Every structure is written in C-alpha cells, then in structure tokens.
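Order as written gives the chain letters A, B, C and D; numbering starts at 1 within each chain.
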Amino acid sequence: MSGSHFGKNFTITTWGESHGPAIGVVIDGCPAGMALSEEDIQRDLDRRRPGHSPYTSKRGEPDAAVILSGVFDGVTTGTPLSIRINNVDRRSVDYSDVDGVYRPGHADYTYDRKYGIRDYRGGGRSSGRETACRVAGGAVARRFLTELGVSVQAYTVAVGKTSVDRSRFDQSQAMLNPFCMPDRRAYECAAAETEAAIQDGDSLGGVIECVISGARPGIGEPVFDKLSALLARAICSINAVKGFEMGAGFNAARMKGAENNDEMYYENGVVKKWTNNAGGIYGGIADGSDIVFRAAFKPTPSISVSQNTVGADGENRTLRVKGRHDPLIVPRAVVVVEAMAALVMADLTLQGCLSNISNIKKILGVAK
Amino acid sequence: MSGSHFGKNFTITTWGESHGPAIGVVIDGCPAGMALSEEDIQRDLDRRRPGHSPYTSKRGEPDAAVILSGVFDGVTTGTPLSIRINNVDRRSVDYSDVDGVYRPGHADYTYDRKYGIRDYRGGGRSSGRETACRVAGGAVARRFLTELGVSVQAYTVAVGKTSVDRSRFDQSQAMLNPFCMPDRRAYECAAAETEAAIQDGDSLGGVIECVISGARPGIGEPVFDKLSALLARAICSINAVKGFEMGAGFNAARMKGAENNDEMYYENGVVKKWTNNAGGIYGGIADGSDIVFRAAFKPTPSISVSQNTVGADGENRTLRVKGRHDPLIVPRAVVVVEAMAALVMADLTLQGCLSNISNIKKILGVAK
Amino acid sequence: MSGSHFGKNFTITTWGESHGPAIGVVIDGCPAGMALSEEDIQRDLDRRRPGHSPYTSKRGEPDAAVILSGVFDGVTTGTPLSIRINNVDRRSVDYSDVDGVYRPGHADYTYDRKYGIRDYRGGGRSSGRETACRVAGGAVARRFLTELGVSVQAYTVAVGKTSVDRSRFDQSQAMLNPFCMPDRRAYECAAAETEAAIQDGDSLGGVIECVISGARPGIGEPVFDKLSALLARAICSINAVKGFEMGAGFNAARMKGAENNDEMYYENGVVKKWTNNAGGIYGGIADGSDIVFRAAFKPTPSISVSQNTVGADGENRTLRVKGRHDPLIVPRAVVVVEAMAALVMADLTLQGCLSNISNIKKILGVAK
Amino acid sequence: MSGSHFGKNFTITTWGESHGPAIGVVIDGCPAGMALSEEDIQRDLDRRRPGHSPYTSKRGEPDAAVILSGVFDGVTTGTPLSIRINNVDRRSVDYSDVDGVYRPGHADYTYDRKYGIRDYRGGGRSSGRETACRVAGGAVARRFLTELGVSVQAYTVAVGKTSVDRSRFDQSQAMLNPFCMPDRRAYECAAAETEAAIQDGDSLGGVIECVISGARPGIGEPVFDKLSALLARAICSINAVKGFEMGAGFNAARMKGAENNDEMYYENGVVKKWTNNAGGIYGGIADGSDIVFRAAFKPTPSISVSQNTVGADGENRTLRVKGRHDPLIVPRAVVVVEAMAALVMADLTLQGCLSNISNIKKILGVAK
C-alpha cells in the first residue's frame, strides 16, 4: 500500500483529491449484523463540515455521505462498505497562482520531489479535505463501539496561548461553543485571540484531548502494536498534528516514579486507581479505565501574511495565500481525532477477541 | 500478527521473554549485497547493555549477538537475518514474590486480563529486555542507511526536572557522559538529581531527542503512512514512552502561522529554510532537511518505595519492588530510539523507491 | 482486512454487490508519472461485459468505468485511483424466489452460515459481477506492465470435453471467435457442445491458459511469496476456479526428473532452455522466459435443470434457477485471468526492485 | 516482507539456510492458554525427517525442535513462539562443484539473477530443508485446530505413473508403508517404479491429497481471501509443487453443471450433500463438510543423470548432481502439505471469529 490503507481487521481505504469530482472511503472488516444508516455517518460529517462558523473556511460543502455497498435492509452484511462524498463547491481557479510556487508549511514541495507531478488544486491529496473520509470511516467504527458500550469523545483544551483551566472543566460546555472547549471563560479568551489573528491575516493552532470510556481490559497488543503506539500513529497521521501524548505525557518525564505510578486498590471487588497518569494503558494494553490522550495541532499554514518562499522555476518568491482557509482548524479537527481513535479501538477490539483460546472456543461453541 | 512484527518491506519480528533461554529478532527484507558483521550489531547492543554504570540495573548480560542466517561470506544474501541473544544472568527467584501481585505502573495486571496467563519472571515479554532485539534489528537498518548516506543520532535533552540549555548544546559532549547529554552542566545537575532519587529508592524519567540527517526528499507516504505517523508509532511502542513530538511539537500549538511556517529560499540552487519548526516533514513527507523529534519517558515504575497495589487474589497489598532495576532508564533508551527511527527510515526509503515510474524504469533498465 | 484487499505495494480494494447501485475498485500504489485514461480500462472491461454473444447472460450492463481520483492531466499522481462502475440493468425481482432457498453450487448457504445475513439479489457480493472490479484494477496493472515491456495474454484451451489441439495452436484465432480459442476447429466443436448444453438448460466449464512475456529474471520472492504461489492465490480467488497449474503442472508429477528438468544452454550469451516444463519459474522466481499457467473453471452452477436442495426453513426443496445466466462463463473469464495475473506481476515487479542494494543506490543516485 | 512471513492473525516467519548453523520459525498470534510441548512439534518433524527409508536422502538430521519462547509452565502465553532446529549433518564440500554451475530445475540461476549473490551450499534458502520450519509451525497450528475438533490428514495418491485405485482406498494403509499410500497394491507398484528410477540415477514426482475434517461452516473470507485461494497459495509455495486443485478440480472443467453441482438435503436437521465436487468450499467459504484438495509435485530435480546446463562464467556445461538427494520427495512432503493446510485453517478460523457482531458480543460478554 502507499499510505491510504489503515488497520488490520477493521480497515479503511480512503481516496480522492480536494478538487476532484468526489472523495470516498471503503471500510472492510466491519462485522455483519450491525444496524447502520447514512444518518449515523452524516452526524459526524456535519461536525467537521466547513462553512458554518466565522472561524472556518467559507467553502460550502454539504458533505453528504452516500453508502454504495455493504448494507442490506439497514444492516451490515460483512462485505465492504463504500461511502462516497461529492465535492460540490470547487473553485480551482483560486489555486492557479500557486501552481508553480511552494507554499510554506504545506506539502507542495515534498509532493513534487516525491512524485514529480502534483494536483495543485487545493492541495490535492494532501488537503485537509481528505479527513472527511476518515470521519465517515470513524463514524462506522463508532457505531460498532457503541454496540459494545465504548464511547469516544474529544474536545479542545488549548487554542493558541489560551488553555482550559482544569478547575473549571465542564464537559457540557464543549457542546455549546464553536471551539468545543469545556470551559466557557477559556473559550471567550480563545475567541478574542482568534479574532486578533484573523485581523492580522494570521492563524492559530491548539491542543485537542480525547477520552475513550468503556473499553474492556486487554485491548491492545504487546510490543509494536501497543494501543498507545497505534493511537500515536493514527493521530500523527492527521494533517497539522505535531505532537501526541498519553495520560501525563511530557509531564511524566518530570515526575519521580513514586509520583507517576498509578497506585491500585479494590473497591467492591473492582480494581481502581487513585490517579491515571498512564492514560489507561500499561505495557500497551488498556486496563479498563479511561484512555486519555492529547494531540498538538500547528497553526493553519495558509495565511494572507506575505512570506518568503521558492518557485518550482528556481526563483525566490513572496506569497500571500488566497483561497478559503480556516484561521483555526482545531474545532473542525475534534471529530477527526475521535474518528481516528475509534478506528484504532475497533481494530484492536477485534484483534483482542483472538488473544485467548477460551474466547475462540466460546465463539465456536466448543466445550472447554 | 499479534504485535511482534514491524514494517512492510524492511521488517523485523522479535521474540523472547526476559527470563527465557534467549531472545531474538528475524529481519526480512534487508536488500542483498550489503556487508554486515556481528560487530555492526554488537556496537549498538553494547550501548544499551545493562550493568556498566552506577545508574543502571546490575544484571550482567553480555548481550552477545549471533547471526544465524542471511549472511554469506560477510554479505547479506536477501534472505532473512536471524539474530539470537542468549539470556545469561537470569535470577528468576527475585521475582517469585510478584507472582500474584500487580506492580503499579507495570503491565502485570493488563497481561493477566488479556491472556489469563503471564510469565511473571522479570516482566516476561513486557520487560524492557525486549528492546535489545529492536536494537539488533535497528543496527542492521542503520548499516543499510549508512550505505545511503543517512545517519540517525539521539541524545538526552532532559532528566527529571533538568533540561539541556540549547545555548550550551554540544553534540560531542553526549558521547562523554553516561547520560548522553549534549551539555556538560546539565549532565552534572541531572546526575545529582538522580543520586537523590536513588537515595530515596525512587526513579526518574526524561526526554530524548533524535536527528536523522542525509535523507533524500520524498521519504514518507501520504495520509496514514506519513513519516511522522510511522515514527510516532515506532517511538510510542517503546516501553515507558508517554509522548512524541516532531520539530516544534507542542510548542507549535502556541505559535501563530506566520511564526511557525518555515520560510524557504534558494542558496546555490538548493532549497533552504530559515527555521525547521516542522522537523523536516511536510504532509508526512521528508523535505531533505534534518528530521527532528523528541520522546518523553516516564520514570522507571520499579521502585523500592512502598506502594499501594492489588493482588491477583482480590486483596489490597503494599509492595516494594526488589530485583535489579534502573533508577533512570533514559540513557539506555537512547540507542533504542535510534533503532526504531532507523527501522522506520529503512522501510520508508525502500517504499519511496517505488513512488515514481521513472525510478522503476531506472532499476529495470527500461528506456524512457 | 476481510478479503477485499489484494497486494502489498501495488494494491487493489474492491467493493460492491451485484444489485447495489454501483461496484468499484480503489488502486493504491500505482507509481506516479504514468499516462492513464478511462479508455485503457474500458478496453478490458468490454472484453468481460455480458450480453454480447449467444453464450452469455442477457444482462445488459454497459460497464462504463469512471476514474474519480488519482489522475491529473491524464497522468497518474501516485495517489489512490478510485474507479466506479454503475449497476444499470438490475432486475432484483428475478431473485426473489431464491431468498430462502440455497442454490446448489453457490455460496448462498455458506454466506448465511458465516454472516447470518445475506444480500440474496444476484448473489450479492459472491456474484461474478465482482470480477468487473478486478478487470478495472488489472487494466491499470497492465498499463504499468506495458510501460516495462511485459504482456499478459490468456485464451481458452478447453470447453467441456473439447480441448485445443496443440498442433493446430494459432494465437490469432483466439481473437476471432467468441470462445477465445486458439484453434478454429476446437472452437466449432466447443460451440456445438455448448449449444447442446443450452438445449438441456445445463452449463459447461473449461480451462484457460495464460502467458506472461517480457518479465525480467528475478521477479517473485522466495518461500511464501513465490510468483507461483501468489499467482495460484490470485487465480484460485476467481469465482468458479477449481484448479491451477504451472508449466507442465499435473503432468510433471508423472514425468521422471531427466524428462521434466529444463536443460539450459547459451545462445549469443543469453540463457535459453530446450523446454519450459517449469512454466518460467524456479524456486518461485521468474527466469525471464515465458511464464505459463492454466486455470480450471467448473461449469456455471446456475442451471434451469431441476435440482434437489434445501431451504433456510429446514425443508428439502427442488429448484430450477431462473434469471439471466451464462451457460459458459469461460470466455468472459479470460480477461479476468489476465487481470489477476497482471496485478500479481505489477506487485512483485515493484517488490523485486527492492531485492538488491545496488538497485536502491541506482534510484537514489548514490555512488557505489 | 520479502516472502518469509505467512498469515495475518496466526502467523509464521521462517529463517535459515540448508547449511547454516540452524533454521527456525517464529509463530506470532497463537492464542494464549493452549497446552504445548516440544513433543507436539517433534512428532510432525519426525515424519518429515530425512534418512529413515531407502527412498530418501541419507543426510542424518535429528531435526530436534527447541522452543525458546512463548510457553510458560507448558501453556502458551500469547507471545511469540520461537522454535529452533539445528543443522547437524552439514557436508558443504559436496556442493563446492556447483558453486558456479546452475543446476537444471533448481533456483540457482534465478537467485543469482535476483540477488547477485547466493549461498550455493545445498541450495541455501531455496533448499527443501526450509520446509522443516513450516512443519514446526504447522504442528502448533495443528495443536490449535485439535482443540477445536479439526483434523488435517494428507496421503499420497500417485507416484510417477502409479495412482491409487479409489475402490481399494484404505486410509489405515497410509500409515503402514513408507510412501503413505492408502492402497497397498499401488504402493508396491510405486516402490518398483521408484527402484527402477533409482537404478537410472533418476527421480519421480507424485500427487498428494489432503482432507480437513471438522471445520465449522463459515471459515474463509470472500473475494481474495477465499479458503480455496489461501490454500492454493500455501500449497503452491511448497518447493516442487506445480499444480493445485480443489474437490473435482480439473475434472470439474469437463463436467456439466447438473453433474458437478453438489445437491443438498436435510438429514436429521443437518445439511448433507450427495457429492462433494466442490471440495467443501462454496464462494471461498467452507460449508462444514470435508475440505479436499490435491497437490502435484514434480520429480526431484537433483539427479545423477548427465544434463546440459550453463555456468555462471558464460560457458555451456554438463552436470551430474552429487550429494545426498531424495529420488522421491513426495512421502516426506505429506506432512509439509498438512502443515501448510493447518496454518491456513488456523489463520482463517481466527479471522472467521470476527465476521459477525454477535460473535464479538459473545466474547466480550455484551448482552444482545
């Protein structure tokens, strides 16, 4: 594969360019017998959609998901699910001026060096638009996880220099503001910071946190396929992500062992912990508590500030990027982070079913 | 696979438990025609070996690598390389007291929940000893990369609360102190902090930085197999790693676009940049500049401080971990980080050769 | 993956049911820089299309291929190629009577046992219609191989009890009759045999032979990924194939070593052979001569003869299959065999480029 | 991977050359909790061992299997099983004369063209000795299948021009003669044919049939990972195999549909069939009846008859192969065929557990 295939047992393959006729995803390995509708997918796609807040791109894409295969009478059949999303609002003319110029912070130069050819319209395959397919695939994974009592929820904990205050953390707030921040005051501050950046033609980054709840102990494979490792890959494969951390993350490096270790105790026969510095993962395997990780997003590279750059013709250039860009991509990325986390969890949940011969016998109805 | 296989074209499969008779690695996909000796591997293994500093475990393992296949007359033949490392200094009796008790911060509980059975001697498969096999595989990858002019070098930038001062950064220093810190004063401070932790029976974590130089532009596949994504997975699969970041990393989230974007210019016809906030990767593909990333390691969970924990028997317990443990694992992990980075680079370098049909024709001798 | 993904570096993922809105294929790993048009794909699809001979299904599908991504200005970009084929002539009502009855020789019973649910319209995913996607993918692989001077050509060597007479073998004839038989008299005899079967409401099988010419020596990986092994898998994954053989095949088992071994000699410095009993493959690796294999197809299971079978309701039944079926599937399968062979060759050709470090250095421009 | 890795969830990786210090296999993905001893593996290895019949190589290898990891207190732990087999009776001097000469029917020429270097001692990696590792891996797969009530049994149905008479078929006979033929008279005839070949310094081939019993309906994935397709690949990856067929195989191509279709009926509520022309597989998925296939083996290419061939030096040569070779490899290959079949079945059995969401809920204890 050349990078557009993801997963081992629960898999997705995505395709499509920003300004081609459509983009899409094929999901193979979703178990049969699960109720699934286009609404299940549309719900998540709508959360990623551009054009519905002053802080996002004005590109007006309905992002309507169409299921072309794999569902019969509203139920998955075990065969591949093909989902197509048409590109409706393409204005390729906006990009004609960047044909021969490499935008700073973008993949223009590296694609040209790798392939010798590049669809320069809207970033082509390297466009953030590609993440819509991840969201569609992730929505199917979420449907599967919901059947098993597992939930995946992300929110914004920092925008630019503004961070959420943990003492004011209120999950319900995240649904009430366009930045998905679980702290109203932090949101207001972040909104002001973003407005200022927009005035300058500049952009901001931020940090997203994600919590996976309800997973059974034992999810994750040892050594190279640790749950932490596969989440890291999944999240760092999202455009603009520059960092990933689990639980206490980079702070853990500054703690002592006695402080960082999560001490355990029994409560009504169930193992509990006083802290969750590990983010719910030990030796790469989930222990049944909340799985917690964070992703750092760089500021959107497309800005209207004038920048030095180079042309494909060997000349130095200056460039102000035109087009319809998000000054702050983070809020739209929240559901993308959830999607990638859900895909990893679905895949490793299937894999985890195979770890013990008593599981296999249970399925096959063999007496112990 | 259940997690012990890594890579697509340049692959490794590792096996072995901490207190079994041996551990080992099979490398499949290393191209034929490359000079390779046991010394090439031993050199890296010696850097990871325990027992040669006051800050590491006293377990006296020679970690002698034996190549059992894949080399003929000192040259690789293209067939799998099997490398075995015997376990010499096993004292399994040290672990008999943790048989039924779950050590905090370890994988004891999660392995038991996943598999229903666990080799409790020295952590079994979840032991840091497993990383010796990664180092052996990584040494072969490094040999391959060296042939192509690519180098991989890591060093310690933080131990506990002590960080390297970038203004005193001196790469040569990293070879001269047992912590591999490129700043002598930081090392001295870190050594004092470590001594204090040892006195308390406690442990420290830290941060390792790694630089890959000499890679051609175009390495890395788009979307899910981005160089950044595969490095993140590789690094986060190392025991004790809790965070990963590329270039400016988490700091990038606090910058504005105009500050974070790496502006480009031509110098003697070559593309250069004023900054490297991206860490050498755009859209998941290397641009030919230095690739830079960091990994956060938590403090060693095995400490002699008394901790609350639970037994497999349903009872609450307190535990002081005995045995021969490293109060600071970071220095020994430096070569493990290099190994994983080298394996990713070797794999994606092979993959990258297939990206353009003109490459294929060059190899096959087909006229354009 | 659950079976709809094929290949390692040059890969396809297919999706779609016989009576859904569309079917399709995503090709990932096709190198950039290759001219590709919808006509390249349509040409092969037209050879598989139903409805254009008295011996095939009357289903009138135009099978028009639409490329949705991966091509820019008529050239591949290295990103995934998504190809869609709409299902136009669906008459699902034809299948309503087989909803609860398991057709003999079909996958109805096994799908129900595996998934507990089944799209019974036209066989759903188990329909031969799925092979159109293989042909589309194979056409792209063929385009790639043509660039490298490799051709893949199949033809029919037996229909029912009629076999081609090797002494009358005439490749050009295969283009001139609807059975693709390279022997005119054999075709006439086979046509008569088929007419008789049609009169009885019965069906016939046959044997297809395929020759791959122009491949360089060295294609194929040792041990499990032998060229012969991957061809066997590819061909035996086609519906209705019950046997596969290379070169002398089952006849080789009856020969002595001195008779079966292909003796070699030099002619103008080039290695030649007196025979090709091995079918061009030794130790799983092509030697540069023609690669030759054959596939046995069972007769179409859908027949209008009354047969004993069972219902999902636990009752014994008799069934005459209605609908629009091919009394002889073999001629339409010729291009499917070519497609699968081309896909294997494209994938192993890419892989083969990585076998020797001198190849890698050639691509990367590293001096020896 | 470069061909030495096999399987998706139940996987093996093999390594080693004929005349290196050892060969071995790493099995990853075998579920935890299964009793396993070295005797389980030795039993199968002994059936493949050379040197114990007048018809096999005189190389005296004990082929003693040593388990180095993955088993604790006699039970699998879910971590990789590493099995090593030492090469004891190496006489590399026997091969010094074939260093620069390409043996007809062998992989000498193709390996040289692929890799540019070759371990010529005993065929190196292309030696039949490599199959010992498959047998060791297959023995673990068999252990797993036995737990689930599945058996895999092969026997010889043809040697040279002598075939078993189905009317005299007696499975118990296969254990009583060195050719594993289930027909005593056929064995006697085959033995005489083999003696005659030995007198001439020549060799024979043959056909092996394999029956897999007790598999549940539903094993096998649609489209590319059909049980038939993966068996075909597995079997055709064995050295010397030139053909593979399922059920009626090549004969099915000569039947009419009404004759070839397996009609079904209920007997005490269980689905039965009058025939098994499909070999137990429909649409690539097992129906619960016996799975039956056959493999054609070419005669051993190493013969003492003088043959024309070429040297690496560009000169024509004649060659009589010395060394210790099997005039008839088929009997030793019986257990290799079983091993590969067992590996495919183990892998697809695991995969099959994931096909339906009700299976997953059963394992995870989620209420429907």
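Keep in mind that, in the parts below, a contact is a pair of C-beta atoms (placed from the backbone, for glycine too) under 8 Å apart; a residue touches a chain by one contact, two chains touch by 3 or more.
The structure presented is a predicted model; accordingly, all values stated were derived computationally and were not measured.
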What are the chains that chain B and chain C both touch?
-> A, D
Mutual neighbours - chains that touch chain A and chain C alike = B, D
Taking B-C as the reference interface, which entry in A-D, B-D or A-C shares over half of its contact pairs by residue number?
-> A-D
Most remote chain, CA-based centroid, reference being chain D | A
Indicate the whole-number Å distance between the mean C-alpha point of chain A and the mean C-alpha point of chain D.
-> 44
Between chain B and chain D, tell me the centre distance in angstrom, where each centre is the average of that chain's C-alpha atoms.
-> 38
Cα centre of chain C to Cα centre of chain D, whole Å, reads 25
Junction residues of chain B, two or more chains touched | 1-5, 8-9, 14, 29, 32-33, 78-79, 114-116, 125, 222, 351, 354-356, 358
Could you pull out which chain A residues touch chain D in their complex?
-> 8-9, 29, 31-34, 76, 78-79, 144, 147-149, 216, 222, 349-351, 353-364, 366
Complex interface listing, chain B residues touching chain D = 1-5, 7-9, 11, 13-17, 20-24, 26, 28-29, 32-33, 68-70, 72, 75, 77-82, 84, 114-119, 124-125
In the complex, go through chain B and note every residue touching chain A.
-> 1-6, 8, 14, 102, 104-107, 109-111, 113-116, 125-126, 130, 158, 160-161, 197, 200, 202-207, 217-218, 220-226, 228-237, 239, 241-250, 252-266, 269, 271, 274, 277-279, 281-288, 296-303, 305, 307-310, 314-316, 351-352, 354-356, 358
